[in-house]
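As written, the chains take the letters A, B and C, and residue 1 is the first residue of each chain.
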Amino acid sequence: MSTHTMSWVLTDVATETYVENFSITNEDLAIESRQPFSITKRRLRGGLSDGVDLIEVVNGPLRFTICPTRGMGIWRGQFQKWDLGWKSPVHGPVHPNYVNRDELGGIGWLQGFDEWIVRCGLNNNGGPAIDKLLDNTGAEQSMALPLHGRIANIPAHHVAVTVETKAPYTLTVTGLVDESMLFFPQLRLQTEIKTNPGSPSFTLRDRVINLRSQPAEFELLYHCNFGQPLLDDGSKFRAPVKRLAPINDVALKAIDRWNTYPAPTAGVIEECFLMQLLGDEETNRTIALLESPGGDKACALRFSLEQLPWFTLWRNPGAISDGYVTGLEPATDFPNAKPFERAKGRVLTLAPGESYDAELTIELAGSREEVEQLHQEIGAIQQQSQIQVDREIPADWSPAAE
Amino acid sequence: MSTHTMSWVLTDVATETYVENFSITNEDLAIESRQPFSITKRRLRGGLSDGVDLIEVVNGPLRFTICPTRGMGIWRGQFQKWDLGWKSPVHGPVHPNYVNRDELGGIGWLQGFDEWIVRCGLNNNGGPAIDKLLDNTGAEQSMALPLHGRIANIPAHHVAVTVETKAPYTLTVTGLVDESMLFFPQLRLQTEIKTNPGSPSFTLRDRVINLRSQPAEFELLYHCNFGQPLLDDGSKFRAPVKRLAPINDVALKAIDRWNTYPAPTAGVIEECFLMQLLGDEETNRTIALLESPGGDKACALRFSLEQLPWFTLWRNPGAISDGYVTGLEPATDFPNAKPFERAKGRVLTLAPGESYDAELTIELAGSREEVEQLHQEIGAIQQQSQIQVDREIPADWSPAAE
Amino acid sequence: MSTHTMSWVLTDVATETYVENFSITNEDLAIESRQPFSITKRRLRGGLSDGVDLIEVVNGPLRFTICPTRGMGIWRGQFQKWDLGWKSPVHGPVHPNYVNRDELGGIGWLQGFDEWIVRCGLNNNGGPAIDKLLDNTGAEQSMALPLHGRIANIPAHHVAVTVETKAPYTLTVTGLVDESMLFFPQLRLQTEIKTNPGSPSFTLRDRVINLRSQPAEFELLYHCNFGQPLLDDGSKFRAPVKRLAPINDVALKAIDRWNTYPAPTAGVIEECFLMQLLGDEETNRTIALLESPGGDKACALRFSLEQLPWFTLWRNPGAISDGYVTGLEPATDFPNAKPFERAKGRVLTLAPGESYDAELTIELAGSREEVEQLHQEIGAIQQQSQIQVDREIPADWSPAAE
């Protein structure tokens, strides 16, 4: 670490370090940033949130809340005056101990699902499935993989805050989350969540490390979820798309309105579209965004197709009470059951000690001009090719094809 | 709320309000009640109770302890000098995180069962079963329903205390408990637990609200459990009964002694009797009670047959060490597996936004005269008809009939 | 308790007693022990350890940490300068609420497994299995038994510390852990963990009590786990052995090197050897030890074959990162699935109120001379008979024989 940083460890289980309440501001640090900033940490009490730690980063126009107790996910955010995230029927943040992953046929993960940005993985990131794993005796055993995996319900064992004392005064929250046990994959998520004072964006810089002496499969998906105000009647999804396909019959019926959203609709069934995006020809980086009905607000996701080559758009525009929400989901693969993804060659493997980097930047646009600029950027990439829209469920992308 | 009340919020997760310790007495409030009263709240530490909140209400002769962490159940009580509740082999109150509902074939609920009054529900209130529910894609999925449902192991997200500053100085503890998750029923329990200083009774005023835009089935049962001293050799159950039936062969053999209790008996197997009670001809309200051997103590349950039409008497007079206990259980249905109850038309459905009210008054009698008066009340209602006793297991009431 | 003791209750759930931080030293107590000693208690925060209580006993040369939250297991130790215990891929101590026993086909216990000495039991101590238990109606039900049972993930409801104020100033930590619920076995573990200032040893004096009015089966195994420095390339296991057999084909292939250890080896599969040890002819007590490569360090287990007649040696010399570890496991039976152990007559039964005592002394040797003395002791017992080595999997000891 450079001499131009200040750093605080908030949690380190190995050394029994734990800071319950923490607060710093630019003033505390005598930093003359044009933009005032703060990082505060608190521990929640009561209800399903009892014992949950939250770290709130305010960089000026943007604020977001990191949840170390839930695998360093991003619980909620706010840009200018508008909320980022969604209203789930579950009011969280929910402590992992209230989430029983195997309940209800393996979908207990939903008991804790109310975050803005939640990672799915690391051993599996898709639907519940029975998979084969080698047990302690080297024999193959059938084991249930729970919906969206375990990483979002494991607390970080190390959490730290760093502030650069020179412009641009970068603010960083780091965390280590281990998905690990004897005889099984030992995957570590190392995350750095970074922003600069005054910036309309922040970045998750994640590294997944195979700590074991054996090769380990892994899957990683960023489930980025939006409700009102970004999602509303007439909101649009935009991205440079190479190929687009429906995941099942419900999505197939909706194929012609895949990128526009209706008003909250009671009784709607979710629609999932699977995509391969196009990236910038030089960098292979891309951009996907959700845009408000007026076109004056947008939240863009920036990432590299080298790192996150597959994209899922989850549309669930139900009644407000039921969860009016859409998910933009860049990932290493599709969130199908792992055996299917493995068969299609989309499950990655890390050699012993090997790591995999994935970076996701969340960028807010708060005016028509800024949103327009994003359109142009997407348009430029889209010029490489026309969108190929599958009008049947593709057998290589979805098990529903059969 | 009237201007004649004082009110304190003890927990409100939405606003991050949480009061760990709380205590008020009539003196603190300068209330000149003839009966001194107090409401105190504490948080337990250690063992299976670590992190459990308890609210103790003392109204003079009667005290009872509400457990917000366990779905606003009533953990224990005391009237005059005698204990209300029972001695379970589990020493609680047990934090829900130690209860693994799906363990042991779906009966993990028993790991936390030691309360005086515990609600069973809200999606299901009976035995473990495989049921069909629609999943996120609208497809029917088989899912395991755990014994007695989830509501008793969900903490309240809002808890408040209210005291009326005018006679009768009503004391109220309110709570909100949500059994809810994305794609699934979203049922809210709103409870007001009320008593007056000096009163031998308190009332649970419950409302179950369907928060979802879709119709929701629900089931609700009040599992009111008694051990010594109310339950002992020669104790009697009394209620105005229309029809009574054994739930299985074990109960069938005990049919002629359904309303009297033996001394604690090692190795006894539980006996369950299903009943339809009679209500007052005008109000359709009824009363069921357990009476001590001497006939000088009783605990009565008062409720409306409009709200709670079905009644189960659970007799488990085992050795003291094993749980010498009987349960009086007014409910919306019988605690059979939900698919059976549905087939027999006893599962209720709430329209979107609709709510269902259920009120249960617990009333203590501490002298032979008071107990006698309750007898007369029951006798008056019983005059409508004779008890119909089924001497075989009825196919409409129990799946054991086959 | 004698008048020459001082005593402190740290946890007593029944009386709502809980001491978060505790510390005593010989100086605090004005005890003129030649060896300074201390007993301290703390509560961990953060990560998977959040809410875990630890009690550290330092008797001079020896220190060890008791974990009341995890069934009074021994988390770690240190003798002179060397560590006792092992490095698990799970970094604990892990709070039981993060352990989902039934996950992954019943091996969720591994999610919390990083202790030096952990008890397996009490209803079952072996591999996951489907077993028959009588339910509330007296009917036989199939229920899943989780790997190594429940006792290690149940917190003690009573914890106390006692110090004798006369030489040898014995230090004792006592705990009560109940594995109990309505309709099911009610087994209490009562443990006294004792050491003397300056001693190279400590003793677990355990009593398992059947609290129920019905007979109860039980199984108990002490899973004593060692990594570096005691376990290393060339370490030796020693014990007076009557009969030794491989548990499966993997162990069969390793039968000729059963008592020596390789260096950490990536990709190794565990080898388990089942044994019947020989005991001293008078007392039927025996000794089993792990010895460092140089022969200058050893940890011995002393116990009675009357109490713990069966012994398992678990060898898992994997890569350091994966868990380089061996387990010495004296027990009431072998850690096979319970139905197999029952069929072979090794599952014990306690009558109502009956108890079973098991005592295990952990003794450290820190010099070649002390280790030599242990060799001689083992050699003297071994003279009774030669080791019988089974060169096939024995049908009476392992279900893999078939």
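We adopt the following convention: a contact is a pair of C-beta atoms (placed from the backbone, for glycine too) under 8 Å apart; a residue touches a chain by one contact, two chains touch by 3 or more.
Note that the coordinates shown come from a computational prediction; the quantities given were computed from them, not determined experimentally.
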Angle, in degrees to the nearest 5, of the Cα rotation that carries subunit B onto subunit C: 120
Self-contact between copies subunit A and subunit B, residue sets same or different by half: different
Inter-chain centre distance, subunit A versus subunit B - centres from mean C-alpha coordinates, in Å: 42
Shared-contact residues (touching 2 or more other chains) in subunit C: 51, 97, 100, 102
Subunit C residues touching subunit B - in the complex, by the definition given at the top: 11-14, 16-18, 20, 51, 53, 96-97, 100-102, 133, 135-138, 141-144, 146, 154-159, 178, 180-184, 186, 211-214, 352
Residues on subunit A engaged by subunit B in the complex (per definition of touch): 42, 44-51, 88-91, 97-98, 100, 102-105, 107, 110-111, 113, 248, 250, 266-267, 269-270, 316, 318-319, 321-323
